[in-house]
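What follows is a structure written as structure tokens; I'll ask about it next.
In this document, chain identifiers A, B and C correspond to the written order of the chains, with residue numbering beginning at 1 in each.
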């Protein structure tokens, strides 16, 4: 008899299914994939437009699986209309054929030229920039009351004296990998690919073992020896948050953690050994249009009327401590705020290469940094082998 | 009698309900053009009807529900992802050939700056319901196009309003903006190629973008022509259009490459080298783990299978706790404990071991964590196996004057090993596939330097496969990953079949 | 008196020689087994949420981590727990029912290809599901276009996917147990006119309750543990995540590694599972061991 009821229940379920059959998608709806945790800010910033036009904006958090299979789901018709990505993916996305050119949509003069270079590939623009983010130096003001170092000598001597007096375990807390070490790498004359104002058109010229770097490489070994850099190379910033390191390389995403730890800190640019500024990579977060989008017209309209506005760029960046890509929005940021400090340094940084060859660069470059940190190789030798392997992999002779 | 009648009645109600549900779902899926799923639902409905209403085959009635779910969510995806092994599916090779060629042409379009976008209107042909667009270009004439053909058209001036929009045309319905919105899926893919080489494409519901593509595709010859340089590109066997000089155009498409992914495992040094290291660790890890875990379980079972120890039940409760903590959480906790220098383990023992960043320490850390999570099971099954040894055998040995050691090595151990051997084989098969422990603890790292890709010291085949497929730095090499997962399946499958053959539960079946 | 003394003495000596060292080994192994759990508890009550300063007995004790867990609207632990429970209970229940049906047939009915059937369902599921994640995404996405509750972001498709997984191993475990039940009872019932389904429902099911409990528990834990397919199908929207997917969000990234709420959540998720385990220990042990030792 119980079974009988089960049967009736199943009939009920059948009918319920009729009810649940999705109605044909209303003509006006677009789907945007954003990074997990950013849904709220995108939803809020799109609400007014949505109400005005009647177009539903579905903001969905990406799954954590690589690019969430976007390059597979798009061509199969299962992708979103728009998605956010960091600009260094531009080359791969274009070569995979999964994005559509936005050259006719983008207002180039609304963004700094380096930002435009970031989302450009093959002389076209592929993404609408929202935010610029880069790493910067954080100084623990309790350990270093004088504040951010003006010169590299400053940094080196402060760190060394704090370490020798036992007040600090290490000088600069950082990851030992390409992205986090780039400013120091730049400082001693290394570079990944030659570029002109952030436009990378020649991947034949690899500077990972440039002449200048080869000459200065032993400096890196000395700094590692003197514990200026932390060779344990863990992804944990606790030496800094516990007041056991005067400096740390941090990004906008670190700010919540620093504030929670309750330390007094200052954000600044990173000094170069040559007296100037050591340049980190700047990254642009941009919105891309899926080539196989269901509703390209509305998506483009949304890009023009919402994503491209200064207000949108400001709203999204305010939520995650990054710096607006839009010039107008950027000008409204208080230069003394944390975001302002990141932005000021970011303005002199170099855009992270957006060519698809970067995938190989990361592999060899990061591996060589790891070899160096673990003591397997001296810095010069590690970079020489990265450079050799990379040139081979890229087919440069 | 009565009960039977009711249960028979309800049986029909159930199967009728399920069949109805499946048919309805199949029909809806069919309408939505999800062919495969629609066919699956229809076939399922038919099979259910056959099995529960016609067939006299009893086992089928019990096996069908499981088999249907297994087919849809396991066998089909396995075949689907397995078939990828015979393609070059990877970054830059994910589109179909038509998609790729359309993308190359589309991306080569250079907007003609001097040309303002052209206004257009959307029409539906009354007879065929076919979509046309109408626009004015280059002359006073109107042009009508459905994307394939373009022809000029004279429009009576009384049908044209002041601002130039058309009010009505014979044989066509003129759509307003809202109606045109319903045709977006067609409009956004519409391309009108004029004889002059100019290409027009709707950029919204009102205007056409005028551009000049650098590439033109010749369908008959299957070649792309660069109209600027005159260079001709033809398809190669790796799913790309290439010129005579060898310049390849992106994007490429997913092409069948036969057994190339499999043969590259052996012939390509860049693939073989890291893979060999991964394979060695995959097996070493599995065998070492099962060996240590079994030995630990056995020793503990011998120690705590001691009647005079009154708290042995208490110990057993404590020992099985690792099984009771969801492993995804416990492994992450372990990863925190293993943090170099600042982690609990290094501070507790006052050492500075780079647990997760040095190849050998990382391997040891992996083994420790895996041992922690598997020894309770080994302890339980060896305890069971020891207790199952008939007391008479041991007594007989004692009477014969066998020493404790002798009775252990010659009687207990062989009996225990024989009983648990199939389970050990199963454990090896499990360890070969233990993705979570590796991926959450070390991520397979530390990576080998000088290897093309991200293979690491603690990577086992399955975690390496995952990285190949989902890591952009590996080029999202789905094709190779799929080939490796087939290899993994064969490895695990063969070991499992070997284990199954040894199982007593299987021996009873003939 | 003397003899009592000597008995006591002998007992003492026996204890020292044969029992004491067993306790020592027991304590060492117990510390190994409990090691991560103890630190999980300690970190959960340590308000600093840092691994580098953490002591066995936290210096700054408090319930902050638990407060954070329940007050964070972007990371709603309460909803994650509910999601995990709904998915794991329904899917594990489904697994047990489907597995029991298959196992009954394989244990009691004689038909050709029986061995092949069992080995096939066991082996088929050893094909790595990792790569199938995108295929499953596409299937569920297609479902979602026709039936919204079977689409991405919904729990029903995930329950169906998990409900059919582990069929092989469950069927094998259940069959091993069913094989130990004497067939004479079925025969008697058959003579009384019971059909095959009645034998299953009225005789096998009641007798096999312990193994159902074990199978359910193991399936339940396996599903609670799953995060890959789960995150692909449900997505990473705050309210859609499960405990396994969601808690990981606390410990991603530099400076963002928030061990406090992570361990607090892990502890809350572990306690009920552990309680069940200890409570059902007897069944569990006999279930696992029966597979190992029966002939």
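Some notes on this structure:
Throughout what follows, a residue touches a chain if its C-beta (ideal position, glycine included) is under 8 Å from a C-beta of that chain, and two chains touch if they have at least 3 such contacts.
It should be emphasised that the depicted structure is a prediction, and the values quoted were computed from it without experimental measurement.
For the criterion of most C-beta pairs in contact, the winning chain pair is B-C. Here the chain at the heart of the shown protein, by mean C-alpha position, is B. Set against the C-alpha centre of subunit B, every other chain centre is closer than that of A.
In terms of their C-alpha centroids, the spacing between subunit B and subunit C amounts to 24 Å.
With each centre defined as the average position of its C-alpha atoms, the distance from subunit A to subunit C rounds to 38 Å.
Computed centre separation for the pair subunit A/subunit B is 27 angstrom, with centres defined by C-alpha atoms. The multi-chain contact residues of subunit A, meaning those touching 2 or more other chains, are 17, 21, 65, 69, 72, 236, 238-239. In subunit B, the residues that touch at least two other chains are 7, 25, 28, 339, 342, 469, 478.
Among the residues of subunit C, those touching two or more other chains are numbered 51-52, 134, 142, 145-147, 257. On subunit A, the positions that touch subunit C within their shared complex are 17, 20-22, 36-37, 39-40, 60-65, 68-69, 72-73, 76, 78, 175, 235-239, 241-242, 250-251, 253-254, 256-258, 260-261. Subunit C meets subunit A in the complex at residues 49-53, 74, 133-134, 137-138, 141-142, 144-151, 153, 228, 231-232, 235-238, 249, 253-258.
Residues of subunit A that touch subunit B in their complex: 1, 3-4, 6-8, 10-11, 13-14, 17-18, 21, 27-28, 65-67, 69, 71-72, 75, 89, 92, 94-98, 100-101, 103-104, 122, 124, 232-234, 236, 238-239, 291-298, 300-301, 356, 359-360, 362-364, 366-368, 370-371, 373-374, 376, 382, 385, 389, 393.
Partner subunit C is touched in their complex by these residues of subunit B: 4, 7, 25, 28-29, 31-32, 34, 37, 57-59, 61-63, 65-70, 72-78, 80-82, 84, 300, 303-304, 306, 308-309, 311, 315-330, 332-334, 336-337, 339, 342-344, 372, 376-377, 380-381, 383-385, 387-388, 419-420, 423, 429, 433, 435-436, 462, 465-466, 469, 478, 481-482, 485, 488-489, 492-493, 496-497, 500, 504-506, 508-510. Partner subunit A is touched in their complex by these residues of subunit B: 6-7, 9-14, 16-18, 20-21, 24-25, 28, 91-92, 94-96, 99-100, 103-104, 106-107, 109, 111, 181-182, 184-185, 187-188, 202-205, 209, 250-251, 339-342, 352, 354, 356-358, 446-454, 469-476, 478.
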